[in-house]
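First chain A sits with chain B, and in the next complex the same chain sits with chain C.
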Partner chain A sequence: MGSFSYLGKSDLVIADCDVDAADLHMLLGPDYQRSEDYYSGELAILDQDKCINCGACLSVCQFDGIQSENGTFRIEAMNCEGCGYCQRVCPTNAIQMETQKVGEWYTSSSKVGSTMVHAKLGVGAENSGRLVAQVKNEARRHAKKEGKEIILIDGSPGIGCAVNSALSGADYVVFVTEPSVSGIHDLKRVTELVKGFSIRSGCIINKCDLNSQMLDELITFMADAGIEHIASIPYDETFTAAMLEGKTLVEYDKGPASQVLIKSWEKIKQFAETEGCLK
Partner chain B sequence: MKYAFTAKGESWDSEIDPRLGRTEFILIYDDKKNELSAYSNSEITQQAHGAGPLTVQKIIDLNPDILITGNGPGKNAAEVMSTSEIKIITGAGDMKIKEALEAYKSDKITG
Partner chain C sequence: MKIAIASGKGGTGKTTLATSLSSHLSETQDVVLVDLDVEEPNSRLFIRGDQTHSQSICKQVPEWTGDCSLCGQCQEICNFNAVIKVGTQIMLFPELCHSCRACSELCPESALPLKPRKIGMLNQIQAGNLIFVESRLEIGEQQAVPLISQTKDYIDNHFDESYIIIYDSPPGTSCPVIEASKDADFVILVTEPTPFGLYDLKLAVEVMRKMKKDFGVVVNRDGLGNNDVLDYCDMETIPVLARISNDRRIAELYAAGELIFSTIPEFKEQLLLLERSLELSTVVDPV
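Moving on to the complex of A and B:
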């Protein structure tokens, strides 16, 4: 993703939607031009003056979010899921639900000259479809304003809410997997999801020399599922070396893995254009 | 025939919103009455999770025969959708509402 952002230079807008584990900023040096608070979920707040210590809240909480000490009660913020059950049963309205600031999202200029929209969540805060949609909407607004044709979105792994939100509206999906049991399993799951969305897809096989039997299985599955095989990259320690210097692979050196990525980027653009999604 | 569209605006010239769950508006066109009505979906787009199933429920309540959209539903939304008879037409992501309806009528986009 970092290398593709680097190769695309200022022709694109970048959206880092893997918000639980945002990492593109390490490679792309954003300048955090604009930042906005992100609010999501609620936390129970107990007003001790109104509390009559009846314990109704404690008896309904499923998350150990209420602690009792010597007959008095308090909210354990780390455990509170924000469901609001305690507020509902409290006879004296001593509990209020407050919306929580769980992170920030940013609009930046990256070191390669493109606009980058990204976010950072606080400890324990979870990514959500809404935050991903917000990051993508902002990226779309910038793409329109700047006349950019491509928005490159870094999605998160899995098939959860955030992944759904990252995929919807996309013209082309690039999977990255490796020839292992879990790699194939996860690719199958996400393929089902993408099929439902009717989006065309291609796949890059990382560490392709890990297991030749798994590799065969993977390639057969991709062919059957209509996933384009974009590239195979053998295990290469240059990735780590580049990361340690805070560089994308293609700017770090011109070695074999770099060459594969350069070709992959051309292929991805070509595949996406064939579909007629770039106007 | 009643058509539903996921849309970024409220008129025939609005673009289709390719997202189903987090679409900005739902438009309903009733060709018997020749009437286009718009329903804001902003309450659902503010939900952190589960936007797909909620939006689909809302569409089902509006009782269209056909839904024209961009990408189609995710897994959970598809499950809710399967409880109805609504036919889903995808691939209208780049079109205006009026173009999408024409494209459907001339079989350029299908399920």
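Moving on to the complex of A and C:
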């Protein structure tokens, strides 16, 4: 992702949608021109002065959000789901729901001059899918304003709400995997998810020299599933060396892994053109 | 006694550690390994055994009876946009529903009875003396937390305090990780000695401190990057419980779905060190 962002120069808009473990900023030198608080979800707040300890709130809460100690009731913030049921049943209006700041999102200029939209989700926060949507919408807005044809999105691992949110509206998906039992297992699950979105996809196999049997299995699976094989990269610690200097691989050196990434980027742009995503 | 294995960054080695640690401990004690990374549950790939139990896990979601006065209170009540009145219809979006039951229980005409909706499968496997439980989120389900929560309930209902429960947690720092580790007695944070590893470790530490959890760090792929992670742990007085060397043999075994500790002595050494560290915290009862 870092290398593709670098290669794309200022012709792209970058969206870092891996909001609860956002690391891309360490490679692309964003300048944090604009910073906005992000609010989502609610938290129940209990006014003890109004509380008559009737326990109606406790009886309806499905999430252990209300706890009772020695006859006193309190909200357990970590468990509160923000549904507001307790507020509705409280006979004395002792509970209010307050919107929560769950993170921040930023618009920056990256070190190659492209606009980068990124975010930081607060620890333990919910609704990462909505913050992802916010980042993407802002990226889309900038792309339109600046006349940029490609938005490059760094997604998160898994298949949950954040991934769904990152995938929605995408024209092309690049999977990154490795030839291992876990790599194949997880790729199969996310492929099934992507099929539901009907988005064309390609795959880069990282650490391809780890296990030749797994590599064969992976390539067979990809062929059967209609996933284009973009490239294979042998295990290379230059990635880490580059990261230690805060650099993407392609700016760090011109070694074999770097060459593969440069070719991959050209392929991805070609796929996007053939698909008609680029006008 | 419950130990959660978590991290900030994905791919640091949680599953490698969880599967080897639980297999090793099960040689002398009663252990249950629980895979709570329900979006991508791949601990099972390393466990050889027979499936002894399987069940669907459901969440309760409202279903419209098709007949009501369309007062629209349900839409007003729902905080998650899962119930919308459109014309003469009540439309429901179960993937957005958090199962709070408010719309169903407060509907003046009882027009939204609750019905179970499958969100995943729970499987139990017997592998020698090790019991393994995993839950797999249905593809298309958006929320991991309800499945993680119900899996933990299953564990609490079936295994008493005589068992060591090890939770292989999801990556990240948001609600799934909180749910997975909130009732753990101790949390092991697995990291790698790189800038990404350190940055995400700091986020994970923030989470642990907010939850007031007892925790320690295991450095995986030690030697790969630099010493910033070790310096950070030293400065923050966070115990480093083990350091697993950056060893290609480990990666190759992992790629093939093999457990590491039985083959690589240096890895086993670190596992024994980890086990002793946990005993020093008086968390694991010495046999």
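Definition applied: the second predicted complex is superposed on the first by the 268 of 279 C-alpha atoms of A that agree within 3 Å, B and C clash if a C-alpha of one lies under 4 Å from a C-alpha of the other, contacts with A are read in each partner's own complex, and residues count from 1 in each chain.
Definition applied: contacts are C-beta pairs under 8 Å (C-beta built on N, C-alpha and C of every residue); 3 or more make two chains touch, one makes a residue touch a chain.
Given the structure is predicted, the values throughout are model-derived calculations rather than measurements.
Peer 1: Considering only touches as defined above, state whether A:123 meets chain B (first), chain C (second), both or neither.
Peer 2: A:123 sits against chain C, while chain B stays out of touch.
Peer 1: Figure out whether A:192 sits in contact with chain B (first) or chain C (second), or with both, or with neither.
Peer 2: In the superposed model, A:192 contacts both chain B and chain C.
Peer 1: Based on the superposed arrangement, let me know which partner A:21 touches: chain B (first), chain C (second), both, or neither?
Peer 2: In the superposition, A:21 contacts chain C only.
Peer 1: Applying the document's definition of touch, where does A:45 land relative to chain B and chain C: first, second, both, or neither?
Peer 2: neither
Peer 1: State whether A:225 touches chain B only (first), chain C only (second), both chains, or neither.
Peer 2: After superposing on A, A:225 lies clear of both chain B and chain C.
Peer 1: Please work out whether A:159 is in contact with chain B alone, chain C alone, both, or neither, and reply first, second, both or neither.
Peer 2: After superposing on A, A:159 lies in contact with both chain B and chain C.
Peer 1: Would you sort A:58 into first (chain B), second (chain C), both or neither based on which partner it touches?
Peer 2: neither
Peer 1: Is A:83 touching the first partner chain B, the second partner chain C, both, or neither of them?
Peer 2: second
Peer 1: Looking only at chain A, is it chain B or chain C that touches more of its residues?
Peer 2: Touching more of chain A: C.
Peer 1: Of the residues on chain A, which ones does chain B touch that chain C also touches?
Peer 2: 128-129, 159, 161, 164, 192-193, 196
Peer 1: Using the touch rule from the top, collect the residues of chain B that touch chain A in their complex.
Peer 2: 17-22, 45-52, 70-75, 78, 90-91, 93-94
Peer 1: Okay, in this complex, where on chain C does chain A touch?
Peer 2: Residues in contact with chain A: 8-11, 15, 39-40, 42, 45-46, 77, 79-80, 98-102, 105-106, 137, 139-145, 170-178, 182, 194-196, 199-200, 203, 206-207, 210-211, 224-226, 248, 251-252, 254-257.
Peer 1: Which chain A residues qualify as touching chain B in the complex?
Peer 2: On the chain A side, the touching residues are 40-41, 128-131, 133, 159, 161, 164-165, 167-171, 192-193, 196-199, 277, 279.
Peer 1: Touching chain C in the complex: which residues of chain A?
Peer 2: 20-21, 23, 26, 42, 60, 62-63, 78, 81-85, 88, 97, 121, 123-126, 128-129, 156-161, 163-164, 178-183, 185-186, 189, 192-193, 196, 207, 210-211, 213-214, 235, 237, 240, 243-244, 246
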